[in-house]
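Following this line, the structures themselves.
In what comes next, chain A is part of two complexes: it sits with chain B in the first one and with chain C in the second one.
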Partner chain A sequence: MILRLQSSDMSESVLRIEGVTKRFGSVTAVDALSLEIAQREFFALLGPSGSGKTTLLRIVAGLEAPDAGSVFINGTDVTELPPYSRNIGMVFQNFLLFPHKRVGENIVFPLRMHNVAQAKQKERLGWVVELLHLEGLEDRYPHQLSGGQQQRVALARGLISNPALLLLDEPLANLDRELRKEMEVEVRRYQLELGIPFIYVTHNQEEALTMSDRIAVMNSGRFEQVAEKHEVYTHPNSRFVAGFVGHSNRMRGALESIADGVGSLAWNGMSIRVPVPPGAGAGQSVEYFIKCEKMQLAGAGTAAPEGAFYNVIEGVVRDVIFKGAAADYLVTVGNGVELSVSDAGTDLSFAASDPVRLVWSIEAGSCYLAEDG
Partner chain B sequence: MTGKRRLKEHTRFLLMALPGALFIFVFLLLPILSIIVFSFWRTEVYELYADWNLDNYRVLLTEPTYMIFLWRSFTTAVVVAFTCLVFGWPIAYFIARYGGRYRLLMILALAAPFFTGIILRVSALQGIMGPVGAFNMVLMTFGMQPIEIIMFSRVATGIGLVYLYMPFMVTAIYLSLLNFDFELLEVAKINGARPWRAFIEITWPLNWMGTAIGLILVFVPSMAASVTPIFLGGPNGASFGSVLGKQFGETGTWAFGSAMGVILFAVSSLVIYLVWLSVDLQRSGFTGKEA
Partner chain C sequence: MRRARTLDVLSKSGSGALLVLLYVFLYAPIAYIIYTSFSKNIAWPFPPQLSLRGYELLWVGRTYHEALYNSLTLGIGSAVVCTLFATIGSIAVLKYRSRWRRLIVITYLCPLFVANLLIGISSLLFNRQVLNLPGNIGSAIIANAVHGTAFAFLIMLAQMVRYDWRLDDAAMVFGARPLRCFWEITLPNTWPAMLGAFVISFILAFNNLEISFYNLGATQTLPSTAWGSLRHGLGPELPALAALVNGVVFLAFAVMYLLMRYRIVSFGHRE
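Let's look at the complex of A and B:
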């Protein structure tokens, strides 16, 4: 697959990888990937475990040597350079602080390794401690800190030496939910403040969506889609992305007929109107994804929008899952299948066993040729 | 209820600890206590007499011969321990890092020499290093001079001790490395440390406790060695341990031998204490928490 990336000025890209491939035995972990990341960009590598995102990050870091391809940082080919000559920072999921060194010693470690003068070390330490709110913790040992504090120290260590870019490998995965939410905002703030690119590996789509500018969705060592996060969310370009990003209902079936670019999908005894994927013809098997929050609930019998660009189906509420800021309605439709509808309104207009009508614009969803098998 | 439960746990703990504690008391503490007592007694014609005196210690500390033996054993043990350290580290590191699923097998292979007795093993070394041993026979067959330094010398004793106690050193370091997170080395590299620097900054301090235990495990028996110096050391290689052994055998001067034992015990304890001083628990990465 050849990717057309957004045009970016060559001199502007901090990281450029070209045709990078890495195999482990018979498994191709990273498959001929190319990518450019610009200054000031927060870039997320999103994918399920085993999709190759961590391997790609490790290749950029120099911890793994690619079998083919090149890595450039600020225009210099660093493919053959060891990690300690690449001027990058990295933050790991399990923090990996040096347990025998105090917080302050952990943080200035990169400066010591680069033989930075003592006075300068102190100055930088003061700066980064203030940035990350670590005042007063300098003399503690890592095991005396909370998880969140440890991750801050890891970030401080990654940032102190002014790296060209910062790599983050699921840095928040080991933190509890509340703290993670807080840190997501914080990490984004540091990135904006420092103006260097962050490359953030995660399997958590919410994290990727919250923090990043652009997202690369990875699957089996390849990029499925590389785009602005809004684009990835609203216009997934593949079945995989549509299924992986956001919460969608999926409907799979044969295209019965096609008229004016609108197809009719036979699904559980119903006819669902769908946009026709390129290259699809009548009779072919397709899969349609519609995000839960894109469907609207209306009372049975209320006036529904007319027209060929809407789907309107009848159903019965089976259960309501109230989540505070939103509510999920599980609605039984057709011959007993269930659809999930997410409603930001918290007035709980419908209760279990209420007859309802589901309405959505066909363009709100996306449709792809189903893979055989 | 809690009180009863605690009592039960207490009892259970005692039941578990008791057999071991009893064994140690009977077979370790009692003998040590008895040699301390005997060292203040007197032997005459293979009989112990309980008249308390300090003569044994006076002789030991004033007669230069014994101090020379003690010094000789001490220096040999120090050199042996550090030789084992230098050779043991790479072996342990290799097994822990690259041994994969064969790690256990490799560690077991280290113990292979223990499958036979110490005398047999030391005699085998004699067969290799002695004047008519494998090395020198080959050299002489080709008209070359034999390597005298390995024939009945302190060097030969040293080689023998290194061979005997290397497995202890490797095992101690290996066990320490098993709990070492090698990912920390990647972190060090990312943060600018070259491999050698990363070793000094991270690997060494985090495994110093295991290494120190290895040093002690090699030092203590090397210091007390008696058989190895007798077989490999030659006539001038007598060690403190071998002279000590004689007191309980040929000469039958048990009280004097006990005093030598007490001195040996004291020196070893002192060395262990000094090594322990070098371990800073905070700096060892030991947190007291489950890993």
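Let's look at the complex of A and C:
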């Protein structure tokens, strides 16, 4: 059963969860969540620590029993099944390789537990060792491997039994930056090659954006937004998502007036034009998020695009942070507040103390009703 | 400058002397009994005169052979029970993070603070009057295990906190049923803790007199034989017995130390 061929039907969901809830004492870690994940999908659960993403993953794996709701894998209700009967692969944070077993033994462990024939075990081991470039490491112990190699062994162990889906719990969190970048691309490559869904838990938005097809942004046990990654990045549907994904400038103030769907936000003595959030009226407090790379810098006095759909404000460059592929300009505007502008151009047109003009289209940002208080 | 150096030398030799004093305090009685066991006159073994008569008496004395056999049975029996209970207790506390874990820890450790004599007498009364059990080696094993489980539990807790129980999660996700998981993953990584608990609870029961005395009935163990023969006056076999038991315990610890020192036995993750 475990080595059965995967159907490659895209329309049928491999994982379906319905109304899953989990409480720990008075804390609701996972709050009535429903979700469907299709074959061949790379799905990221993105959220800050304590948002419930790991708990949700553990419920899917069977390591945690939900208080309410059901989990279906390939149409079968597995809610009551223990983890060892679910045909799931998993890659854990800190890898959790068995320290007393050699690499080869670690990798074939899932097959051995399912009483797969020796010859078949060998064949599968050969396949996964080649896939993950682990040749020659089979006889080592986990502590004799580098972080990246341990990561690959953990992946090999998760994939060897041809699971219905692979769960990954912050698997790259303990790798250094360089290695992480490398593994992000590789993990994505394996997923495309194998064609099974990967569910990837992370608090790192770059990881989620780099690898996944769809992202669920989690906060306090709920999904804030579940959408294609491009959609999540460009059209965040809530204050939380707008603040959590990407790097944004945040402006908070009262709506002074509304005309033709464009509001005027009073912010530090300036009037910022913003799209009016649904249900907002004049006098209400709102928050406007504009991504750093959506703002443009122009020299003071240069002609700015005219019209109701642009914001133009004056400021002075306080510092330039050159990062190689891009540069961040910290610009002081009215009342001494600072805005951050990211510019992909690396010609460093402006230097500290240059007077500049910030220009952006109001539709490039998103505006939400501010939470009370 | 010079004064500082003098002070340094003084404090170093001072702490050296203190260390020597502590060792004398700890080991002088044992060293004396070992020395006596090889002496002709055990009442006042000076000047030294070598004699192996004590060892000879032990070698040929039938009562001592039987007593040794009974002590070994008592020690092993009690150690098996203690290790089993301590393992179950520490898994409940550490792996399942039971809501009642504080209560479990305290109640498991309570027997440590009860006098052996009281455990012995209470077990005797309970076994005889409630369970109607006669005094024999079985009753003594059970009574000793009350005391030994507390020690075994303490030792296992101290060691098992270093085990990463998420390894068990991983094994379960990859298809291991609970018993298989324990056998394949938990046990290979935690057996040194269990061995330690086993050895300590064995030594405790093997050497115990107060608890065993009330529960053994007519069965003789090494401590009870020694106690009994003391009433007839100090014979040369008693120092020899004491020296031998000390020697075996010392050897057991030396072997454990060497195994750990040279990483033949290591605990938890090898890093």
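Quick note on the criterion: the second predicted complex is superposed on the first by the 362 of 373 C-alpha atoms of A that agree within 3 Å, B and C clash if a C-alpha of one lies under 4 Å from a C-alpha of the other, contacts with A are read in each partner's own complex, and residues count from 1 in each chain.
The rule is short, and it goes like this: a contact is a pair of C-beta atoms (placed from the backbone, for glycine too) under 8 Å apart; a residue touches a chain by one contact, two chains touch by 3 or more.
Bear in mind that the values here come from a model prediction, so they are computed numbers and not experimental data.
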Worksheet item: Between chain B and chain C, positioned on chain A by superposition, is the outcome a clash or a fit?
Response: clash
Practice prompt. Answer with first, second, both or neither: which of chain B and chain C does A:L339 touch in the superposed model?
Written response: neither
Worksheet item: What is the contact status of A:M113 with respect to chain B (first) and chain C (second): first, second, both, or neither?
Response: both
Discussion item. With both complexes superposed on chain A, which partner does A:H143 reach: first (chain B), second (chain C), both or neither?
Written reply: both
Item to complete: Examine A:A216 and indicate which partner it touches, taking first as chain B and second as chain C; both and neither are also allowed.
Response: neither
Response to the item:
So the chain A residues that chain B and chain C both touch are 61-63, 82-84, 88-90, 92, 94, 96, 98-100, 109-110, 113-114, 141, 143, 157, 161
Worksheet, complete the sentence: Interface with chain B, chain A side, in the complex: residues 61-63, 82-84, 88-90, 92, 94, 96, 98-100, 109-110, 113-114, 141, 143, 157, 161
Fill in: Residue numbers on chain B that touch chain A, as the complex places them
181, 183-184, 186-194, 197, 201-202, 205-206, 282-285, 287, 289
Worksheet item: Taking the complex as given, what residues does chain A use to touch chain C?
Response: 2, 61-63, 82-84, 86, 88-90, 92, 94, 96, 98-100, 109-110, 113-114, 141, 143, 157, 161
Fill in: Of all residues in chain C, those that touch chain A in their complex
164, 166-167, 169-177, 180, 184-185, 188-189, 268-271
